[in-house]
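The two complexes that follow have chain A in common; it is paired with chain B in the first and with chain C in the second.
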Partner chain A sequence: MTSEDHAASAVVAQKIERRWAAISILIVVFLTAMAAVAGIHQATMPQARVEIIDPEKIHLSGEFVETNLGSAIEPDGSVTVRAVGQQYSFTPQCILVPVDTKVTFRATSADVVHGLLIQQTNVNTMLVPGYVSEQVARFSRVGDHLMPCQEFCSVGHEGMWAMVKVIDRNEFMSLAASKRRVSCVE
Partner chain B sequence: MNPERLLSLTNRWFSTSVGLTLVIFLSSAICGFLLLPYADADSRFSGIWDAICNAAGFPVKSSATDIIQPEFKISGATLGLAELTSPSPQSIGRGATLAQQCAICHGPEGVSRADAPNLAGQYAQVIYKQLHDFRSGARTNATMGPFAAHMNDRDMIDLAAYYAYLPRIPSSRDSAEVPLIVASGAPTRGIAPCGSCHGTIERKIGSPWLNGQPAAYIEAQLRYFASGARRNDTNQQMRNIARALTDDEIKAVASYYAGTQ
Partner chain C sequence: MLNSRRLVLAHFWMAFGGFGLALLLGAWQMFIRSPLAGWIGNPEWYYRSVTAHGTIMGYVFPTLIAMGFGYAITETSLKAPIAGVRWAWAGIALILIGSIMAMIPVSAGLASVLYTFYPPMIGNPFYYIGVVLVVVGSWIWVALMSINLIRWKRANSGKPVPLAMYANVAGSYLWGWTAVGAALELILQIIPVAVGLRSTIDAGLARIFFSWTLHAIVYFWLIPTYIAYYTIVPRAIGGKLYSDSMARISFVLFLVVAMPIGIHHTFADPMVGAGFKFVHSVFTAIVALPTLLTVFTICASVEIASRLRGGRGPFGWLVALPWNNPTMLAVTFSFIMLGFGGAGGLINMSYQLDASIHNTQWITGHFHLIFGGAIVIMYFVIAYDLWPHLTGRNLANLSLMRLQLWLWFIGMIVTTFPWHYVGILGMPRRMAYYDYTHPAIADQALPVILSATGGLILVVSAALFFVILIRGHLSEKADPGEYRFSVAVHPPQRVPVALNSHGLWVGLMIALTATNYGFPILQLAVRSDTSVPAVYVGVK
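Let's look at the complex of A and B:
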């Protein structure tokens, strides 16, 4: 092998290296941009405030007493849904919300860590005893969604889920006119 | 070696890098504590300090107004009492004396011959909670209400300690015949296995031990829970399950736990 051959192959190797470096930089830039776009446009933002509550007393007084659970209409026209997760069910078992309306989910746990996840949406949060989890959502289509517990909460975990029914706004308002807290539990 | 001093504002490299770091620090603080919290359309801050404290994660007490209070009594028994898990011999002895008035229905050794619940070996928290609820009116029963009305907390703790101390009825049941609803629940209808709370697989404080209870009693209670006639189950934990049970399942559960199946 002459020294000329060696120099020529070094040039080729350098070219190849530069190309691969460019490709990997492009991949890094693409992934970062993808994360940024998803993070800004589709993300579920972390809760704005940390709210604490005594998990041993949620059923006695305050917003999580059983008669206050379910969907309530706020003065600004939005809807607040309150729910409790416990071993091994959500209360209420069936949640009713109107379509195309701002819905604020407020939920907490009575015992261990549970998870609140509404299928086909990006509503997904943990229910930690001692804290109130809050998440805002807007449903664009009428339909039913499963709401399974997504944190293993002991042996009966698989039986713990609720239903979220998205219904027409007028229908919801007429139901809410007769009752102050709405749910679809029969 | 450069004779210029490194940590001096006259050193251009030093002042520029420190300046840049400060700019990055301040802009991230403004972004994180002010711009982003206020960019959230659902933010409801009462002021700039409120926004900063929330972004920094200082906890606030949950405070909601316009709460719909229940028109019925909610079970207010506290089950974390240490005396319920490790009772003194005096407590058990006093409970035994008090239990004489219960024997007519619940049996002298806590085993009933009248389709009243068998209390022998029942968890102390369960007996305490039910007595507490009978007294407060969270659970209503024509027979138990007047008995509980005259009890104080000491009596309830002692009775609970005594019955928890008595031996359970030995199970005579063949384990191969466990009905599906007891063994695995019905996850597709939101029903966890009975034993995941009631002690045979896992125990949830406040849930009773069911083995050996009279079938008529279990069936009646499940129907009360399903209809909402009984609602001293905290946060509807048992009503949620009982509503989903079919008639056949209620009967299967009752006869299984009674040991008659």
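Let's look at the complex of A and C:
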């Protein structure tokens, strides 16, 4: 190879390389745009605000006292579920929600870090003591889901499973009419 | 033979020794939580084991590989003895002491907190102090890499820094800085509570500090593998490196964008607002860039090797590749695993998709495929490639090496594919026991059994790996000649200052850390009402 060939091939090599770099950048831009659009249009954005709570006082007063846990109907017809995770159970251990309804989960931890995952759904959030986690969901089918704790919370983590029952909306409303907070804990 | 061979061998043997032990624990974990085993009896054993496995595989093993490889690169690429060898021995001694100090309370069940710490759970202080010593030992290496490069540059002003060294030093700076997050968490938050000076801790802030380390550490694990892609593979298969400057760009991109993206590990967390989550998610997309560039450069370099051997046609050249060469085989396996793992990574990176797999077995499947698979298989290649230069003896049995690499590849696929699948089904991670008789999770039983079988294949592969290395110490003496790195098709005569030094990139790395982490950290650090009582584990 002469030195001219060499220089020419270097130019070609650089050109190909630049093209590939441009394609790579486009891929990245596309992915980012996709995430932004999905976030804005489908409102699947993370919790907007950081909310603080004292885990030592949740049992005494405020929204996470035991009598306030479970599902509640809001004036706008949506449902709010309040839950607490502690070593090694959730309260309530069985959560009842209506189908085809906006459901807001509000939960926190009374001791260490736990996680709340409802199988077969996108409901999946961390429970960090000192903070309130909030996630909005809508269940499109009636049925039962397991709800394991998904973060290691010390020995006993493997036993921390709860249940979510999605039931017919009317059935839920008639249950809720007689009680302030509903759950399926027997 | 290398002057620093004892130093490098000490690092490699300590690394692989730990790897071997931790691998056995991994295989046991897989088995004991599968339907093949009954009720574990004492679930605490499982968490002890995962703490040890994670700590060794995450902190000790890759760090020692990066260090040992780094010393070898320093000597062979700068063609001068390493400055500060005594300090290097001090560094590895600290790592040894730290590892033992950490593993004693872990084995005794006093620190089953897993390698992610996650306060307010607090274990025995010696576990955390041991981990800090490991980090401090590795910081000595970071300083030595920098000192050696500066010395060389003084003596060779204006010359391009050899690519391997340039990348190696970039990796060391990345590690030096990313380890600061966990170090701050340990020193400012956890250790004072563990020794009893304080009894409360901000669990959310700790998670943010940890995320500072948790993402870029992944790229630190990856850098020796990328150095091998660029500077070993083309030479080992008889080709040339397509582009030296693209390689440099990839490494500095890692340095800059690997750091300010760690908050993607807290997508599902309540203590970080949506805004910073979005910013980190965008930066996470950018980190795909250096990998895409690497894939191109390495594929092109491999093609060059084939064409030099007479390969023709748009695809025909694939046939002409030296498939008998273990390095060729390993880089192919590594790329396949990187491809699948990368596709999985794109899913994790999206806040929306992450919600369906966050903290499920998908995640453990994912990082075993990338880390245990794509990355570690190249650690094997690095060892095979360097061994003759460290022992002065032949490493002759190529078919055994091929078998070992094939088994690692197959084992990884068999282990991790079903592992991903059960994650999609919603199987949570880090549990000592699953009740597979429950109808809702009964269909996870079979894939979990498959994964456990894959684990056994990996153990067999690792055993072969040790056989090959030990035989390498016993085979007949042979002069390996000078150790060489790949040469670029167009070797650089001059490199732009920006790509011949690290200052600009380190500056950017620190600045982006400040912008992307400053607010989330300060917001919590200034408040006192976010601290919660510590929950001590393992006290009897």
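In this section, the second predicted complex is superposed on the first by the 142 of 186 C-alpha atoms of A that agree within 3 Å, B and C clash if a C-alpha of one lies under 4 Å from a C-alpha of the other, contacts with A are read in each partner's own complex, and residues count from 1 in each chain.
Criterion: a contact is a pair of C-beta atoms (placed from the backbone, for glycine too) under 8 Å apart; a residue touches a chain by one contact, two chains touch by 3 or more.
What you see is a predicted model; the values in this text were computed from it and never measured.
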Partner chain in contact with A:Glu56 - chain B first, chain C second, else both or neither: both
Contact breadth on chain A, by residue count: chain C or chain B: C
Partner chain in contact with A:Glu158 - chain B first, chain C second, else both or neither: both
First (chain B), second (chain C), both or neither touched by A:Val132: both
Which superposed partner A:Pro98 touches (first chain B, second chain C, both, neither): neither
Contacts of A:Ala48 with chain B and chain C, given as first, second, both or neither: both
Shared contact residues on chain A - chain B and chain C: 45, 48-52, 56, 87, 111, 132, 154-159
Chain A contact footprint on chain C (complex, rising order): 43-44, 46-47, 112-114, 116, 118, 120-121, 202-204, 207, 242-243, 246, 266-274, 277-278, 281-282, 285-286, 288-289, 292-293, 296-297, 300, 346, 349-352, 355-356, 358-360, 425-426, 428-434, 438, 440-441, 489-490, 523, 527, 529-533, 535, 537
Touch list for chain A against partner chain C, complex: 6, 9-10, 13-14, 16-17, 20-21, 24-25, 27-28, 31-32, 34-36, 38-39, 42, 44-52, 54-56, 87, 108, 111-113, 115, 117-134, 144-146, 148-159
Chain B - residues contacting chain A, complex: 37, 40, 42-43, 54-55, 57-62, 64, 66-71, 74-76, 78, 80, 185-187, 190-193, 195-197, 201-202, 204, 231, 234-237, 240-241, 243-244
Residue ranges of chain A touching chain B (in the complex, touch as defined): 45, 48-53, 56, 58-63, 65-68, 72, 84, 86-93, 102, 104, 110-111, 132, 136, 154-162, 180-181, 185-186
